[in-house]
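In the two assemblies presented below, chain A is common to both, partnered first by chain B and then by chain C.
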Partner chain A sequence: MADTALPAESAVAFQTPSIRRLIILSYWVAVIIGLPIWLYTTSIQRLSLSESQVISLQGQPVDIPVNLYLDDVDNILANSDHFVRTLQTSLQSCTSSAGLALVVSNAQSSTSDYDYRLVLKAGSADCKIDGRSLRWEVNRANKASLATQMTATLCELLAPRSSAADERRVVQYAPKVRLSFSLLNEEVFMEDSFSSWNMESLFQGHVAPLLERLSPLHNFSVESQTQVYAPLAFDPQRVDNGHVISRDQLTVFVNSAEWTLASGVTTDPVLHFLLFIPSKEHRPLQIESSIEHDDYFKAFLVPQWGGVVIYNPPALGQPLGPLPDTVLQDVLSIYKNQLLALLGVSANCRCITDSSDISQWQLDALMRRRTIENVNRSVDALNSIVKVVNSIQQMPVGKDVREDVNTALDALAKFYPPLPLSPSELLAYSARALSTSSHAFFNPGMLALLYFPDAHNYAVYLPLFAPILVPLFVTGIKEFKVWRKQRKQQKLDSHKKAE
Partner chain B sequence: MGASQGVVRQLMLRLPSCLLALLLSFLAVGQQTNPVDEFFTRTSSTHTNNWAVLVCASRYWFNYRHMANALGMYRTVKRLGIPDSNIILMLADDVACNTRNKFPGSVYANQGRRLDLYGDNIEVDYRGYEVTVENFIRLLTGRVEDSVPRSKRLLTDERSNVFVYMTGHGGNEFLKFQDNEEISAFDIADAFEQMWQKKRYNELFFMIDTCQANTMYSKFYSPNILATGSSMLDENSYSHENDADIGVAVIDKFTHHVLSYLEGINKTSKANFKDFFETYNFETIRSHAGVRSDLFDRKLEDTLLTDFFGGVAQVEVMDIPPNPSVQEPLVKPDQKLAQEGVDDAFPRSIPRQSLSHVNPPGMSGWRLWLGCALMVGLVLVVGVFRG
Partner chain C sequence: MILSCDFLAAQAYSDRFTESLVIRPLEDGKVASLFTFTTLMAHASGRDPINDSEDKPQHYTIFPLSLGQILREYAITELHLTLNAGKWDYLHWGTPEDADVGSGAEMWAWMADGGADSIDSRWVGVRNAVSGLLCASLSSLSIQRTTSPLLAFPPLGDLPVIRPTNQTDASKQYHLRHASLPSEHVCTENLTPFLKLLPCKSSSGLASLLNPHKLFDADWHGMGVHVRWLERKGVEVKLTFQAVVDPVRYSPTHSRDASLGSMFDRAIEKPCPVAAESMIQVKSPTDAVFHLSPDAHMENGIAVYDLAEAEYPLDISLRWPAELSFNYLFSSVHTSAPIRVTRVLRDASQTHGRLTVSIINESNHTQYVAYLETVPWFIQFYLHTLRITVDGEPRPDLLHRLSYTPAIPHADPTVFEPIFTLPPLKALRFTMEVEKAFLRYTEHPPDAQRGWDLPPAVVLPIQNPDLPFPISPYKSQRIYTSTLLVDLPTPDFSMPYNVILMTSTLVALFFANIFNTLTRRFVWIQTAVA
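On to the complex of A and B.
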């Protein structure tokens, strides 16, 4: 049957069989060459990250080296080596839990500026902080319990404990912090309201030195504003002498809907400090819990957000004018306390400090704490990058991501094991690790392509490819069969000829 | 990369897997969400700031009600104390300034136009054509260009409670954006997972008002997410009422119900989610509004509405000595915590799990090759038979 059909078909065809085969072949060549090109051009660039290195950092504790030298000036101790060992073991628990590798030793020619010195002197039991050294005056009578006395103080100084409330209050570390000061008059009447405050000059004198002191930690920028109409969103409760804000009302005191407090200028965290002047009919405005203290100022903290001071001016019938400087000075000193609390500066210890607001020990302790936080956060961020990249296959990983990850790893390498650097240098490295690791995570190029349900994919591809593929295959197979048959025929013919 | 380009690339990449699934439809892979281990149940929330992302995904005048939905929600969260700087409002169109709006500059959500939602103090962060799937995902994951201003960023941290509200036209596992692209339930689930991985939320509340809305939260797999939707699979969400002068529907039933309920609470309200969810009923909403709380590790009766719709609620009162000019200790030891339960601040109780669920991104190698081989086989068989 086929024998009779075949010649007829080839006779009818306007192409010779070889040309037809070339045409079909060229289609197939196009498909075969096109396929890898298509796959290559549509694949997502996913560079490999230093995964094993990142994963190995997870859960590794950081131990920042801290050296404490004992200097027994007046030769009070009979056996100073023994004392050093006692101190070392008794300080072990509080310092190691804070991520410090403390080494206590006898005084040597001190190796670096950032080592701590503990100077023992004879005198009335007293202690005095001077830079990184602690002068401890020992009453020779009760030197037996000296080590225990010292342990508590030194723990407090080197590794201050932070309570759950502290954890909640303290803002997350950011290299740049913006401080926003607002003077809010609830309502402006002709008297007893303040149209302005002398913030700029008083700030320079009172707060600026503190910010300068904190400059190794944060780079501060400052803004201030005055508002003449800042209504409350609730009605304070009326009592005999004035008004009282209940605890519940205090939590919604900040009327963010109507007080324009937000600063749209930066993406850095902003700490707000409000001075609220109640309207005349609300005065004196008290806070429920501290009602017994009858004074002009009421203050509270909003954790991680800022501080508020309520000032009830005495009814003097002053004309509308600037806030008296003496008042603002008091307000600023409250703000300073609030700022330090928000930034996580530990409480003062019982020792006498040098004149500045914050001692070197406190500053160092905070820097070490921030350093450890930053290292942990950046290790977390790197691990989450690895996890997310592995789990979401459509997520591109570009060169810049890899560079950021490597930069972060380089910075982190300074902590495993920690290099003997000053607290501020270590903080700088940890801040770099933190910023580059989050920069890597937030890389705009890492946006995973969208997910499409399979039904969508069929709908797009089937009408496109099915009509092309089926004839391609069918003609290919047909032509192959014809070619085989022809070959068989030729063989038969040649056999016949040979016979 | 443009989103449309991404779509095409995405589709091309998926060719092998779609061919496979066509042939092997029986291999449909069920999505499984891992239940989160509850180490202990928390009672009060541990957040210190609140954020809201409000998305109206549809444009055109006849979708007036979607704009009104989002604006109604905006008004409510603002009233309940979330500052404007913490609200990201995305409106895909501007009906207030539409030429067909008989009341220019105003958007109303009720018959009789009693309350202007547009008002005089409104901040739309993403407007018109800026409201895209890509921008929404970028917003959530934080993957924005450096030049993007603060008002367009979600600057949340591990102590943020985030409220995400979406409205528009949707279907089974998707929500339409701008009438030309879609976001799928998988995309949102992945975005939330990335947020969780980067500690971008403490708890997240997801609310969606669209047709078949409950399918949108079915793919979530990250912890601490509470979700609610307006309607089940194969169910429509309906509009609530028309205003004759505006000439179109002004609000959807589900959102209307939610907003009416929220109208009754204030900043210090103790209303909880259990009571709120119990007010859902078919008679008023005309669809079966759903709740998903298996990922959420607090009890609904302990979860206050203000934990998500309101501002924060913790304050520490400082005692001021009579003369503050005198040097004083930095943090007074007798600081009082105004809020009960502040002391027992809980650590983040759930360990970050390894990602257990992955929406099937490109099939694994052997499946792909099996699929291709079967496809080729099928074509050959057909060809041989016809030949």
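On to the complex of A and C.
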């Protein structure tokens, strides 16, 4: 017969079981090596952020060091060390809640420019602020209660308390603030209407010095405009003589649709100061809560947005022209107060100050408050980034995000523990921490692949994977079964032989 | 120095707002009207990008603050933006009152060189800011549309010399950026912010006639914002609105009688109190007996109404009492345009085409014109195929000079700027082969099958073609051609998935074959013995 001449199937070179197994194994090796390469090349770049450092900052209070030196010029105090200790303990409660680490000590020769001096002098119970020093005149008769007298004033100066209403009114900190002044005529008439104002020159004399004083805090840019047709979006309520804006109407007073106030070129916060001149039908226009007929000006504040002054001009029959300078001066002084309230400058204390509007103590207190606010906001932003990145596994974290986070952490390192720097330097570091951390948080690159989930990837590649993996598995399992069977057979055979 | 400061202080409030309306009945029975609102900010000048800080206080009275902010932020000396809908018919309507009538959006700016920000980054900024200001989608005026033509867009005002240099020509310190977007539509959302730039908005004066319902029903309408600097005067912003309405279409008796009421659905109720000058001019046609009411003051055949002295409500009406109904008999004799241009792109296939332009000189003397063609990179010119003919005769000598900037694929557009000599009463015709590129998958717009609009070409008549090249003292009126629609090869957009599926299937088949052959167990089979 012919079949006797045929060799066994397994004897053909490529059909030997070992070669077949090698072939199958090499396929599997290729798959196993390829899988991590494929996963690596298709994965999203997620650089590690300094997570532990960020988390450790959360909830850590900032204590800005403040040094107060007592200078007893006229040797009023018998035991100045004791007085210093008393003052230190009595000031503790108000300063520590404001995030200050106050150290009161006796006068030293080497003090830095930004330390405070408390000069005691004999005199008629009066106090005077001069730069960062406070001259306290003491009446020798009642020096017993001196520490308690001073505590209230010093608390007010070092850590002015702000109410919740104040907090809501004050704008969020930004290094650059735009001030926009607008003269709005509800409707323009040929007389008793104002087509312009002398803002350019009066501003220089009245508001510019104040802005110069505030320049360590904010970099201001100023613009002004006039509009001759700025209608109200509502009808004021008619009363006996004139019209009244109710409390509810105050919230919709600013007609953003018709009054072109928005700026298209900047994302810096803008504080608007409006001078609204009602139309003749609406004059005099009053505000419900403060109806006083002899007053030409009505003013109110829009929290975190700006200030509004309503001016009811007397009917003098003057032709259309610029606003009288005396009126504008009054308006500007209202704006100054509104600006201070919006920026969070605390009220003046009872002490006599040097000539400028804001004392150095007020300015420092505000800078420290802003610094602490910025540090807290920055720490919050960093924590949010870490949380978001951890909770969304497909969010890419690029180099720029990591750089921003590291820059913010470097700036924040100045506050843990706080370095003995001047208030304006500390503010600058906190502003940098805030801007870089929010820049990192709003990085557009972090949204890139969020909407391209893995499920889609697998769905697209399924037509390739399914036809390849199925035969690989099936032959693999089959071959494994054959191999086991063979082993069993071999064992059995060897047993038999042994027997 | 002190003297000049005092002078400035005294002049600080001499800002001036003037408005005018020019009404011109056209030969085909339509009526063209041009509103011009001019605000001059006296003794102001654009920001010097090197020496001036952006933080300097800015005080505006009637000049629009929102526009002033943009000019200041990006240190723009001269800015022009036009948004037009429809095609201006030079043949029947003659020369427009305001020359910039190219379809779609067109924007150009002159900027001084220097400072921290580059010209191009400022151009991007001003483009985005202006598109935000006027609610126009100019942000798609990307680098692919931006050019710097040499001749066609000279500065309209003066350019301040920002640095004393030994170069006498101030224009060397300035750069032009120009872009146009022919597919931009103009509608109410652009007019509303446009009106807010006016001191009286639309409450009084001429602007109260700008009624969107009527204007956007017009046969042609367009708006423009033009900012320039004039030496010894200041910064001037000119807002224009131009419309061509068809009273014959509105009239039940097909008469061409028109009035402010019939054209704009409004009369002027009161003047704008801050306007220093407010005029309406009616240019009377010459062909027929024509009656105007109320009576007007006549100046060189133009009826002039001064709004300061008019009676209100003011409704001007134009009547042709002898005419019962209007019939338009076209005669090209009347055409007032000295040069006419037609431009065609013939698509031989999806990948190749031929551009044909004919420039017709209607006057009986030789004229010189600068032609400007800016096309995005996906249309590539074969410059060696340029053929110039007059009456079928090749006339390469008529090409006076040529400036050509080739396109950079996926980036810069082509700029083709020849100067031609036009023989009298002849049509110059030139043709050029073009190639249409195959775009990347992501470069196609959402409505890819619609095709791409090519910006209008510009023809500028010039007096002396021999002046050295990078200067542009030509202040004559530009002539725009119509836009072109080009059909580019568009793929099937489900293609990437099809390709992935197809490739996967092929790979799987190949794999299965090889794998099967390698791992199959072959056995002997007994076949029938012969």
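In this section, the second predicted complex is superposed on the first by the 410 of 499 C-alpha atoms of A that agree within 3 Å, B and C clash if a C-alpha of one lies under 4 Å from a C-alpha of the other, contacts with A are read in each partner's own complex, and residues count from 1 in each chain.
Note that a contact is a pair of C-beta atoms (placed from the backbone, for glycine too) under 8 Å apart; a residue touches a chain by one contact, two chains touch by 3 or more.
Please read these numbers as outputs of a predicted model, since none were measured by experiment.
Colleague: Return first, second, both or neither, reflecting whether A:Val29 touches chain B, chain C, both chains, or no partner chain.
Modeller: The answer is neither, since A:Val29 touches no partner chain.
Colleague: Considering only the touch criterion stated at the top, classify A:Glu200 as touching first (chain B), second (chain C), both, or neither.
Modeller: In the superposition, A:Glu200 touches chain C alone.
Colleague: May I ask you to decide whether A:Ser289 touches chain B, chain C, both, or neither, giving the answer as first, second, both or neither?
Modeller: It touches chain B, and chain C stays clear.
Colleague: Quick one: classify A:Val222 as touching chain B (first), chain C (second), both or neither.
Modeller: After superposition on chain A, A:Val222 lies in contact with chain C alone.
Colleague: Based on the superposed arrangement, let me know which partner A:Val345 touches: chain B (first), chain C (second), both, or neither?
Modeller: So A:Val345 only meets chain B here.
Colleague: Is A:Ala315 in contact with chain B, with chain C, with both, or with neither (first, second, both, neither)?
Modeller: neither
Colleague: Does chain B (first) or chain C (second) touch A:Tyr461, or do both, or does neither?
Modeller: both
Colleague: Decide which partner touches more residues of chain A, taking chain B and chain C as the two options.
Modeller: Touched residues of chain A are more numerous for B.
Colleague: Does the superposition put A:Arg247 against chain B (first), chain C (second), both, or neither?
Modeller: Only chain B is touched by A:Arg247; chain C is not.
Colleague: Touch test for A:Val265: chain B only (first), chain C only (second), both, or neither?
Modeller: Both partners, chain B and chain C.
Colleague: Please report the chain A residues shared by its interface with chain B and its interface with chain C.
Modeller: After superposing on chain A, chain A residues 262-266, 460-461 contact both chain B and chain C.
Colleague: Using the touch rule from the top, collect the residues of chain C that touch chain A in their complex.
Modeller: Going through chain C, the ones touching chain A are 9, 12-13, 15, 54-62, 64-66, 68-70, 73-74, 125, 129, 132-133, 196-197, 199-201, 203-204, 273-274, 497, 500-501, 503-505, 507-509, 511-512, 515-516, 518-519, 521-524, 526, 529.
Colleague: Using the touch rule from the top, collect the residues of chain B that touch chain A in their complex.
Modeller: Residue list for chain B touching chain A: 1, 3, 6-7, 9-15, 17-19, 21-22, 46, 48-49, 78-79, 81-85, 121, 133-134, 137-138, 141-145, 149-151, 153, 155, 157, 159, 173-174, 183-184, 186-187, 190, 193-194, 197-199, 267-268, 310-320, 322-325, 328-331, 333, 335-339, 342-345, 352, 354-355, 358-359, 361-362, 376, 379-380, 382-384, 386-387.
Colleague: Report the residues of chain A in contact with chain C in the complex, numbered from low to high.
Modeller: 2-3, 6, 9, 12, 14-15, 20, 23-24, 27, 180, 182, 187-190, 193, 195-196, 199-201, 203, 219-229, 258, 260, 262-266, 320, 322, 460-461, 463-464, 466-468, 471-472, 475, 479
Colleague: Spell out the residues on chain A that touch chain B in their complex, using ranges where they run on.
Modeller: 38, 42-44, 163-165, 167-169, 172, 233-234, 247-254, 256-257, 261-267, 287, 289-290, 293, 295, 297-305, 307, 329-330, 333-334, 337-338, 340-341, 345-348, 358, 380-381, 384, 387-388, 390-394, 438, 441-454, 456-458, 460-462, 465, 469-470, 473-474, 476-478, 481
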